[in-house]
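Encoded as structure tokens, here's the structure I'll be asking about.
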Amino acid sequence: MPFEALFAPPALREAVSDEAWLRAMLEAERALAVAEARVGVIPQDAADAVEAACHGRFDATALAEEGRRVGNPVEPLVRALRGRAEHAHWGATSQDVLDTAAALVARDATGLIVEELDGLARACADLAERHRSTVMAARTLLQQAVPTTFGLKAASWLVGVVHARSRIAAARLPAQLGGAGGTLAAFGNRGLEVLRSYCEELELPEPVVPWHTRRLPLAELGAALAVAAGFVAKIGLDVALLAQTEVGEVREPPDGGSSTMPQKRNPVRSTLSRACAVRVSAAASVLLNTLPQEHERAAGGWQAEWDALSEALALTGGAASSMREALEGLEVDAERMRANIAGETLSEAQRFRIDAKQPQDYLGSSESFIERALQFYRA
Amino acid sequence: MPFEALFAPPALREAVSDEAWLRAMLEAERALAVAEARVGVIPQDAADAVEAACHGRFDATALAEEGRRVGNPVEPLVRALRGRAEHAHWGATSQDVLDTAAALVARDATGLIVEELDGLARACADLAERHRSTVMAARTLLQQAVPTTFGLKAASWLVGVVHARSRIAAARLPAQLGGAGGTLAAFGNRGLEVLRSYCEELELPEPVVPWHTRRLPLAELGAALAVAAGFVAKIGLDVALLAQTEVGEVREPPDGGSSTMPQKRNPVRSTLSRACAVRVSAAASVLLNTLPQEHERAAGGWQAEWDALSEALALTGGAASSMREALEGLEVDAERMRANIAGETLSEAQRFRIDAKQPQDYLGSSESFIERALQFYRA
Amino acid sequence: MPFEALFAPPALREAVSDEAWLRAMLEAERALAVAEARVGVIPQDAADAVEAACHGRFDATALAEEGRRVGNPVEPLVRALRGRAEHAHWGATSQDVLDTAAALVARDATGLIVEELDGLARACADLAERHRSTVMAARTLLQQAVPTTFGLKAASWLVGVVHARSRIAAARLPAQLGGAGGTLAAFGNRGLEVLRSYCEELELPEPVVPWHTRRLPLAELGAALAVAAGFVAKIGLDVALLAQTEVGEVREPPDGGSSTMPQKRNPVRSTLSRACAVRVSAAASVLLNTLPQEHERAAGGWQAEWDALSEALALTGGAASSMREALEGLEVDAERMRANIAGETLSEAQRFRIDAKQPQDYLGSSESFIERALQFYRA
Amino acid sequence: MPFEALFAPPALREAVSDEAWLRAMLEAERALAVAEARVGVIPQDAADAVEAACHGRFDATALAEEGRRVGNPVEPLVRALRGRAEHAHWGATSQDVLDTAAALVARDATGLIVEELDGLARACADLAERHRSTVMAARTLLQQAVPTTFGLKAASWLVGVVHARSRIAAARLPAQLGGAGGTLAAFGNRGLEVLRSYCEELELPEPVVPWHTRRLPLAELGAALAVAAGFVAKIGLDVALLAQTEVGEVREPPDGGSSTMPQKRNPVRSTLSRACAVRVSAAASVLLNTLPQEHERAAGGWQAEWDALSEALALTGGAASSMREALEGLEVDAERMRANIAGETLSEAQRFRIDAKQPQDYLGSSESFIERALQFYRA
């Protein structure tokens, strides 16, 4: 797909790459063998052989190409592993490995996203503190309404980012191990022991029962990402609107030059954040739309998830990263904010018989709200 | 919109109707006046007048028609109220009233949805218990894989329903009060007191700062509903597949007659659940797509929410209700389940050198998983 | 669903109402009997009895409620009709009647939409003509770029509206008649004759073969509506941006008052158009997502279409209607447009060594493009 | 993004790759210089220098990375080209080049998709002809209804594929050339000449006026792709259902082995087609949702299109390709089809007093419909 480097930072692109998925699949196979040996389902030396095989090199693209024949990339990998270690993939099914890989990929990528959101929250908090008293117009339906402060606007951004961050940090996909039909049949009556050991080895949550076609955690993760990206895009929209030539209240940091008009200071990072969010929402809709999966493995719904999850992760990170950069270097023109306030913007004050000669006389609870937002952030 | 009565039960249709929204808007106006009088922002008799006015009769459709002029149904209502009580809507803005109404409507409707999901969970638990030992084929990619039990299938449904129910029960929209620009300016330095009192009166959560364009709670509620409906549709899909003429392992309770072929026993409730879920997912996507809202009130994104929320609520309830009915009366043909198992379905057992002469000899952790699911449900 | 009257004009709400669907279902039953008698499949007096029964009164809501039992509203209607005329619905299935009703509802509603789009095109053309020479800033990424004219902006709107209108005018759903399995089996070897006569009686296109689960025409209609509504919302977005307090280049006609700030002139119609478009896109996605329908009738995908189609029709009409009103009364401030142009907006001219002292010296092909757009419209 | 090779054939992956987009961008720059020299806007030797520069080598990934700074990949490319030929990109803007590149990429990729759909249509036609008299059960709501033929089922697939193919073949994006603001200002009064010459050189349709923020053709292409993929997935769904162990009426050609159960013949290609379709629908929704683009260039909506278009193209081709393979090698078990028909499946015949002792006596217009479908295909 074209131009991914425009939208997602390198670490996130790497975290959802073919190679990262391959590494995660190998880690699942390795952990399975370790767990099985620990429980005594396979001999220790068999497990050692699997572990060694999992440290080998494989070609992710070739596996995907071969996988077209069977509909997933695990089967060719398993064949290759078994050529080196006969107990590889013992008692598991392709979906066990791919779902566990998804959990590992998601864990790593959400870690990176949370870092970006932390940075974004910090930038919001900084703006909220610095601009407690920076008066500007509140705008409803894109019309000036009453005075507010830029600090309060940033404080509301802050609350949303903290909220979104907490949801993503809490979203954890469990490991998957069910075997061909979700019964762990190949392990006889040792299935639950293997499952527990496998989850411990992977440091992933243990599911109550296999979740092969109970995809709620995945759909919820997708939704949490879309909520985060969508709110980040709200910040981007506000910045792009405030940066309009005719408004001129903020400017993104330099480097958004135009190829034909070097004088322009384009809101490039806000623009990229908004583009990311549109795509994350579509990716999340894939994860919602594929919830109804057939019986013990879906014929289509499951396979549609891999790219949707990867895209949702990479681009939520991309949105957060761009917006963090935009806010960290944001140039705020407090004078212009004050000057832009139209005459009638104080007319509401009169209606409520409040003696407000200047916009700053009609700010109500603006400062208190900023304080609450900062406390919420620090908590 | 046509045929809503087909999809959503009467109580849920009522809970999201024009009339329910109108009642909730009046409750918001009433609570505001009560809170303002309590704090001393308006006189007690002014509040009494507002409260009396809020008990009057209004025509929801007429308000919507008049509202077309200003883009929301609150403004005409406020004009009508002020004709009766001049302090009505004091210090508030249309969005305060409509967002608070949304919170009230959502609270009532999610209560009904949770009841339906409770009933559905009960039906799943019942099936899981009764069919612990009912052997059937696990199916992957719609092909028989290995033996499982119908109890385990129902146990996995159960875990998903309990999960979805807990998310919806936890999703609560806060009250909204910000005034024209989110600063509560009309209340001078008493804004936070009014806000607290208002939320108490409404028994709704208090937001950290006004959430006029920070729509995460709403988008999250939409996503939680779509996740629930999508998983309910997974149950519906399984039932419809098991009910196929050629499979015949379950039948929905009677009454799904065909107009032309009375012998048919159509999986009507599963069908309706699946139809509901498709629409809930689309409604949830509206709530995700409209997260980027402009400044202090959106010009389009906000107004798109009202129907999307209502539809997501009514149809998630509809999906749950239909599926509850389907499972409560589900006819399970255990003999057919056993008979359908194809010869090769035990071939995996041989590969793992397990001595399984009969499908029931190769069930692995099926029973343990059922037990875990029931414990999870009872917890 | 709440507040529909805010979004869609009365004629369109009526055109997709329960009652309109019921009327269309009765028209399908009537046309079927007429066609069957004409071909000789049923006696003429049997057809007369059906026709008389179809002129009777039925309760749309009651039919929907009864229909919940069987999953569609046709079966209860058929039972009622057969009580009065035993040959009612002869050889047909519920889906025949409902799909044909959808074709009739869509034909009527698209007629209304096309009228609204015609009015919108006229308003665009008028603005394009009147403002051929009204210089304003072209804006890219919300930054001023180079000069353009308001006429060219309106001309581009015009081309889009004409394009969208032509697509909707061309989108026609065929009639449906297939019987229980799509073979017209009940008519023996007279099936094709009945089909032709039925389509003629209804003045609807005849399908090559029944389209019960080949839903391309419906999905295409949905997409055409979403494209139209989405482009109308682009006009709404431009108007809302130009109407910003700080830009002030256009104002919607009066009546968008605020409940708290009467001085505000809100871009209400643009706002409503944008809200409609978001929802139409979601409705269209339902029609795209339900294309994969099972065998000869879908268990969920079909049933999800009815509301999605109705909503897409009503709200595309709503978007067009609101935007037509906005443009018909649009106040254009040509002086402000000229005055808003920033100094550097001519810097590109220097780079291309063009002697442009005033913005109007650097308009390139603006006027020629306007002329082309007007010719395209008139063609 | 992971595992693309599983879903899309190599030619289509290549056709939407970074490299293909880069080639198309260079072709746009080359054609622009050629056109400008032809019209006399730049000297011929300047155009020759640009043409030479466009034959140079560039690193697509590096351009994307550099492009992050400005929000698009064209600006770094233009800087590189200008280092070699100063008249490169004369009078154009980044969007001109990228939109024209999109038109070229789409033209090439839709060519490949049409080939796949042609192959799929041929396979459907072949099945329709061969199975005119292969009796099977028609199934509604996944229940057997009345007899039909496999030929008629394939004939309905055929009609849908031919329909979808014709829409994609007709969808052509125009070239784009507008300059910084859509006025072609840099060309003085020669703009339309340059535009015509540019379109001729590229063999792309000429737009009435620049379509920078009038994205209907792109949204329509996306919708046409989603309709095609969605219908292909309907075929996949039917095949997967018919291939169920308990139905066993068709089997995909060999090679869909399971890693754990080699006896399984999974409907792999149907599965992949269905997975592709879900994602194409989401990609199309991006193109519908981004129709409302700001003024003369969107800050987010435009940038979201590139991947959505690429994904829609690649995966529609992927769906068609997989399904073509599935049908070309489809094993049809006519005996099983006949044997599966349940006793009551003829009960409708009695109701219509038709003497049908065998399913083949109750096929109505099945054969005539097949003939009509084949004529429609051949036309």
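As written, the chains take the letters A, B, C and D, and residue 1 is the first residue of each chain.
Heads up, the rule we're going with is that contacts are C-beta pairs under 8 Å (C-beta built on N, C-alpha and C of every residue); 3 or more make two chains touch, one makes a residue touch a chain.
From a predicted model like this one, the values you see are computed outputs, not experimental measurements.
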Co-neighbours of subunit D and subunit C - touch as defined: A, B
Chain pair equivalent in interface to C-D, over half of contacts matched, among A-C, B-D or A-B: A-B
Chain whose mean Cα position lies farthest from subunit B: D
Between subunit C and subunit A, distance of the C-alpha-averaged centres to the nearest whole Å: 36
Centre-of-Cα separation between subunit D and subunit A, whole angstrom: 29
Distance from subunit B to subunit A - Cα centre to Cα centre, in angstrom: 25
Overlap residues in subunit D, where contacts from two or more other chains coincide: 71, 93, 139-142, 145-146, 179-180, 233, 236-237, 240-241, 258, 260-261, 266-268, 271, 274, 277-278, 281, 285, 289, 299, 348
Residues of subunit B touching subunit A in the complex: 71, 91, 93, 95, 138-142, 145-148, 152-153, 155-157, 159-160, 163-164, 167, 179-189, 191-192, 195, 208-211, 213-216, 219-220, 223-224, 226-227, 230-231, 233-234, 236-238, 241, 274, 277-278, 281, 284-285, 288-289, 291-299, 348-349, 352, 354, 362-366, 368-370, 372-373, 376
Subunit A - residues contacting subunit D, complex: 1-7, 16-18, 20-21, 60-61, 64-65, 67-75, 78-79, 89, 92-94, 179-180, 233, 236-237, 240, 255-261, 266-268, 270-279, 281-283, 285-286, 289-290, 299-304, 306-308, 310-311, 314
Subunit D-touching residues of subunit B, taken from the complex the two chains share: 137, 139-146, 240-241, 243-247, 258, 260-261, 263-268, 271, 285, 289, 340, 342, 344, 347-348, 351
